[in-house]
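After this come two complexes, each holding chain A, first together with chain B and then together with chain C.
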Partner chain A sequence: MSTAVTESAAQQTLSRASAWARRAPLLPALIFMIIITQLPFVATLVISFIHWNALYPNDIGFDWFSNYAAVFTDSSMLKSVLTTVFLTVGVVLISLVIGLLVAVLLDRRFWGRGFVRTIMIAPFLIVPVAAALVWKHAIFNPSYGLLNGTLTWIWGLFGKADSAPQPDWVSAHPLGAVDAALIWQWTPFMMLILLAGLQSRPLDVIEAARIDGATEWQVFRHMTLPHLRQYLELAALLGCIYIVQNFDAVFTITSGGLGTANLPYTIYQTFFEAHDYGQASAAGVVVVIGSMILATFVLRTVSSLLREESR
Partner chain B sequence: MTAAIESTDARRIRSAPVSSVSLRGRERRRTVVLGIVAWVVGLIFFGPIVWMLLTSLHSESNAATNPPSLFAPLTLSSYANFFGASSGASPWPPLINSAMMSIGSTLLVLVLSIPAAYALAIRPVKKWSDVLFFFLTTKMLPMVAGLLPLYLIAKTLGLLDTVGLMVILYTAMNLPIAVWMMRSFFAEVPLEVIEAAQVDGAGLLLTFRRIIIPLASPGIIATALICFIFSWNELLFASVLTSTTSYTAPVFLTSFVTSEGLFLSKVCAASIAISLPVLVAGFAAQDKLVQGLSLGAIK
Partner chain C sequence: MTTAALEPTVNRASVSRRRWSSIRTWISAIIIVLWCLLPFYWMVVTSFRDVGYTFDTTPWPTHVTLDNYVTALSTHWGNHLGKALLNSLIIGASVTIIALLVGTFAAYALSRIEFRFKGIVLGVIMGASMFPGVALLTPLFQLFTNIGWMGTYQALIIPEISFVLPLTVYTLTSFLREMPWDLEEAARIDGCTSAQAFRKVILPLAAPAVFTTAILAFISSWNEFLISSQLSSDKTQPVTVAIASFTGSLPHQEPYTAVMAAGTIVTVPLVILVLIFQRRIVAGLTAGGVKG
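Right after this comes the complex of A and B.
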């Protein structure tokens, strides 16, 4: 009896030890992540309830929800929430549609396909600040940018170079300018994911449908699109996660002016120029909550893809 | 209706051997046309990069003409200028800082993520998918929300404007992606091979070094390259947490635009020079890029 008890106890310690041996390789990464990413968020949450402006170091105190009230009543904050939504939705939708078209084109066999695929990826591999700088100065610049230069050249073909329209692209369409630069960079990302989706289609079923006389459009509408659905979802959601956080393009192209300040830029500004630590933190918490809502959808999509893989 | 007619047409054509040639001809014409469309779209997307390269190879005065002088003589003067032939700050300190941060954080990511991925894929701990999703959640939270506390902590500890701080932060930024990618590459190593090695008496470390690492090495390399790219590109944290001694290449680039004089060619040259490591790393990782960017959800 007693030996049985000690035996099972020994077994228990043994199995516990082996469970810890299994867990051990995981712990460094896990602990590192908790310390570096979770603790600062807790601190942000705490600071968001504190009245704290670094310019007035003697006036610090607990302040309930006044920072949140400020975030939701401050017109520039509210505007930046809307700007973030417009910017993200616009860039994601347009680059998703263009990315889908390009993926469909690249899914066919043609001369130089590998080369075209390679140059299509290139925009994604330009450092984001560099891309934003080049769009601002080498493409949109009203006096010597590529766009207006091309307009002058086209008008020049008809001998009217002097009367060519020379719009100031960034001032006239600030959000559109930021959109264009971001769409250029993110279309390759969408294209890569959708192309992977297209290439994982069950070809035998599609071949069977073709033999039964289905047209290209019917195959696309009733077989390709349903298969692509989860890839479209994944591309859109990952795109949202990355573009909601975008800072580089807004910072570089418009410096947040002309109604293009999105939340990351506004937080940066509240923190760095206004030194309002409390309000910046409250805005940070708002961004986190928004991202968490988005994230639950991402997690659902990713886990459904993961389940399919293990099947 | 038209679709139905077309499809019966197609079936009749296919059954008749003579006219199948014309169908193949139509199919071929379509392939050619769509191929041309693909080329045009590809070139449109590549256009800004060609323009950037061309501008960087022109002299400042030729870069700032309207209409553009496409065929102006080529010169490397802007690159010489960028790398410090004449006035202006040298690009080497920021480039070296960026290289140290990117390589340092990538190595740290590998050290942390390889054992973690082993514990998640090959000898999975209980509730391994919960752990995996915890890592993913940390990636979903926008970094900007943690910026202020990190700034205050770094200031208290005297870590502001140091390479070490950025190495730690970039490691945290990339670790979730790396764990996800690495897990999906390790999961592809067949379990029978690992078991066979252990039956033959190979210990854990030997199995790891001789079997798992070599089989997963293309994936490990791709993971490292993607982490390198993300660290190299980062701007927000670098611009807030570094200043005169450990500022990075992207931060340096933003200081480049002046209000006086022509700078277009120099900006393009600098942009290309700073993007070059990313282009090289990205094309090297091209095959595994999708798997990495989709966090391993897509093979």
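Right after this comes the complex of A and C.
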């Protein structure tokens, strides 16, 4: 009897000790991770309340919300907010629609499906700066870009190669040019999420609907699309978060000129050209808060997805 | 009798419909492949074209030459593409190794051990992956200037770890959740210590997941541009910075064909990586993106 008691007590201390033995090596990793991911942001937050322009090193001091006031009254900042919204909404919507079409296609079985899927994810994993350079030079260039080359070729078919229109795409449609490059890059991301959604559909129910005489379109409209709703939301929100932060494409294709300066690019300018560290940090915090609001929606979508899966 | 008579016509109709639909599928598939590959194709074709024929828009390779690659790799005009490739490799490898070491422990903790504030820790990590890099530029720039780290490797590696780590932990946690943990218990009952059980049973099983995460971490480090462009020097700049600031023999004129050659050099390793590991990459991307 008494041996049993001591045994169980010993077991308890043993299990507690082993629990700590298991946890202890993990703590440094967690702490390191929290420090390295959170500390710079805390520093940004602090600087955003400080009046600090590197050009006037003697004039540094705590300044409450004046940097934030400057962010919300500065006309170039406000304009860049609008640009960011247009850029993000355009890219997300169009890449979502194309991504859905491609996902529906890749959900079917056909010979070479694996190959098409591989090719499809390549644009997403390619160096973004290189992708932007390719679009800027190889596609949009007025004298030897692919677009104008194609126009010349089509006009050439009718024997009028010299009179083919040769627009300068980037100067004529700067935002459209950035949009196109980003859509090309982000469609695969949307497609992957939507394909995962398509493949988690309950196939027996769809089969039953088909047997009951539902057309392909009816199945898609009334069964697939409602099922995909959460996946569409998730893809759109994640896309928004990443594209709001986009810097590479804007920097490479237009260098922020011609009305394409989005918020990250303007912050970059405030930092490196105006040297206004305080205001740059405040604008950065505004971007973070905007992203966080989006992120809470993402988290909600993810958790409702998980709940549905476990049901 | 009537059904027997009907069947062949029905079959023929459905066969022809199926054939038509598979032709449509094929046409769409070809359009997708073209849409994805044309920019690459044109980059490669331009990169092999003689500089004198830059404005030739023949859709297939003409005036093939390797001069552009020689120009791209030469250091004569202040470009350091060769060095930059090495730098990207050093930075990418360091970031991947450190992020995986820390990330594996953290992911194990998050998927296996119940503790208070777990939800908050996960939320904070997810949140960190959504911070825009540009918001961290000011303190990083200031900090590294103060401690004299500007232009060093560690000034590039440490911020990148902070970007890559959330992604690593996130992907690994979702993989580890689906591991057969009963095996670990079984190993411990058979007399393994928990460290042994982890090393001999769980780690080999988790290897594919860790490998997938490593590929994704490396790619995301290889692609980073904004932070590197500000915190690197000529000696430590990675490929993204090198090709964005590419200069040619003539001032004020962008060396298009050489830029395309440089683009090809930088892109090819990743394309090969993607082609070899595509199944794993897809698994990793969807695990991180959807399953949470």
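Everything that follows uses one rule, which is that the second predicted complex is superposed on the first by the 280 of 311 C-alpha atoms of A that agree within 3 Å, B and C clash if a C-alpha of one lies under 4 Å from a C-alpha of the other, contacts with A are read in each partner's own complex, and residues count from 1 in each chain.
Throughout what follows, contacts are C-beta pairs under 8 Å (C-beta built on N, C-alpha and C of every residue); 3 or more make two chains touch, one makes a residue touch a chain.
Nothing here was measured: the structure is a model prediction, and the numbers come from that model.
Student: Is the arrangement of chain B and chain C around the shared chain A a clash or a fit after superposition?
Tutor: They clash: once the shared chain is superposed, the two partners overlap in space.
Student: Could you say whether A:G156 touches chain B, chain C, both of them, or neither, answering first, second, both or neither?
Tutor: The first partner, chain B, only.
Student: Does chain B (first) or chain C (second) touch A:T215, or do both, or does neither?
Tutor: Touch status of A:T215: first partner only.
Student: With the two complexes superposed on chain A, say which partner A:L238 touches: chain B (first), chain C (second), both, or neither.
Tutor: both
Student: Of the two partner chains, chain B (first) and chain C (second), which one does A:A122 touch, if any: first, second, both, or neither?
Tutor: Touch status of A:A122: both partners.
Student: Where does A:Q38 make contact in the superposed view: on chain B (first), on chain C (second), on both, or on neither?
Tutor: The answer is both, since A:Q38 touches chain B and chain C.
Student: Given the touch rule stated above, what does A:F65 touch, chain B (first), chain C (second), both, or neither?
Tutor: neither
Student: Can you give me the overlap between the chain B contact set and the chain C contact set on chain A?
Tutor: Of chain A, residues 19, 22-23, 25-26, 28-30, 32-33, 36-38, 40-41, 43-44, 47, 101-102, 105, 108, 110, 112-113, 116-123, 125-131, 133-135, 137-139, 141, 143-144, 146, 148-149, 152-153, 184, 188-189, 192-193, 195-197, 231, 234, 238, 241, 244-245, 247-248, 251-252, 264, 267-268, 271-272, 277, 280-281, 284-285, 287-288, 291-292, 294-295, 299, 302-303, 305-306 contact chain B in one complex and chain C in the other.
Student: Given the complex with chain A, which residues does chain B contribute to the contact?
Tutor: So the residues of chain B touching chain A come out as 3, 6-8, 10-11, 31-32, 34-35, 37-39, 41-43, 45-46, 48-49, 51-52, 55, 63-68, 112-113, 115-116, 118-120, 123, 125-126, 129, 131, 133-153, 168-169, 171-172, 175-176, 179, 229, 232-233, 235-236, 240, 249-250, 253-254, 256-257, 263-264, 267-268, 270-272, 274-275, 278-279, 282-283, 286, 289-290, 293-295, 297-299.
Student: For chain A, which residues count as touching chain B in their complex?
Tutor: Listed in rising order, the residues of chain A that touch chain B are 19, 22-26, 28-30, 32-33, 36-41, 43-44, 47, 101-102, 105-106, 108-113, 116-131, 133-135, 137-139, 141, 143-144, 146, 148-150, 152-153, 156, 161, 184, 187-189, 192-193, 195-197, 200, 213-215, 217-218, 231, 234, 238, 241, 244-245, 247-248, 251-252, 263-264, 267-268, 271-272, 277, 280-281, 284-285, 287-288, 291-292, 294-295, 298-299, 301-303, 305-306, 309.
Student: Going by the contact rule at the top, pick out the chain C residues touching chain A in the complex.
Tutor: 22, 25-26, 28-29, 32-33, 35-40, 42-43, 46, 54-57, 59, 102-103, 105-106, 108-109, 113, 115, 121, 123-128, 130-143, 158-159, 161-162, 165-166, 169, 194, 219, 222-223, 225-226, 230, 239-240, 243-244, 254, 256, 259-260, 263, 266-267, 270-271, 274-275, 278, 281-282, 285-286, 289-292
Student: Could you list, by residue number, the parts of chain A that touch chain C in their complex?
Tutor: Residue list for chain A touching chain C: 18-19, 21-23, 25-26, 28-30, 32-34, 36-38, 40-41, 43-44, 47, 101-102, 105, 108, 110, 112-123, 125-131, 133-135, 137-139, 141, 143-144, 146, 148-149, 152-153, 184, 188-189, 192-193, 195-197, 231, 234, 238, 241, 244-245, 247-248, 251-252, 264, 267-268, 271-272, 277, 280-281, 284-285, 287-288, 291-292, 294-295, 299, 302-303, 305-306.
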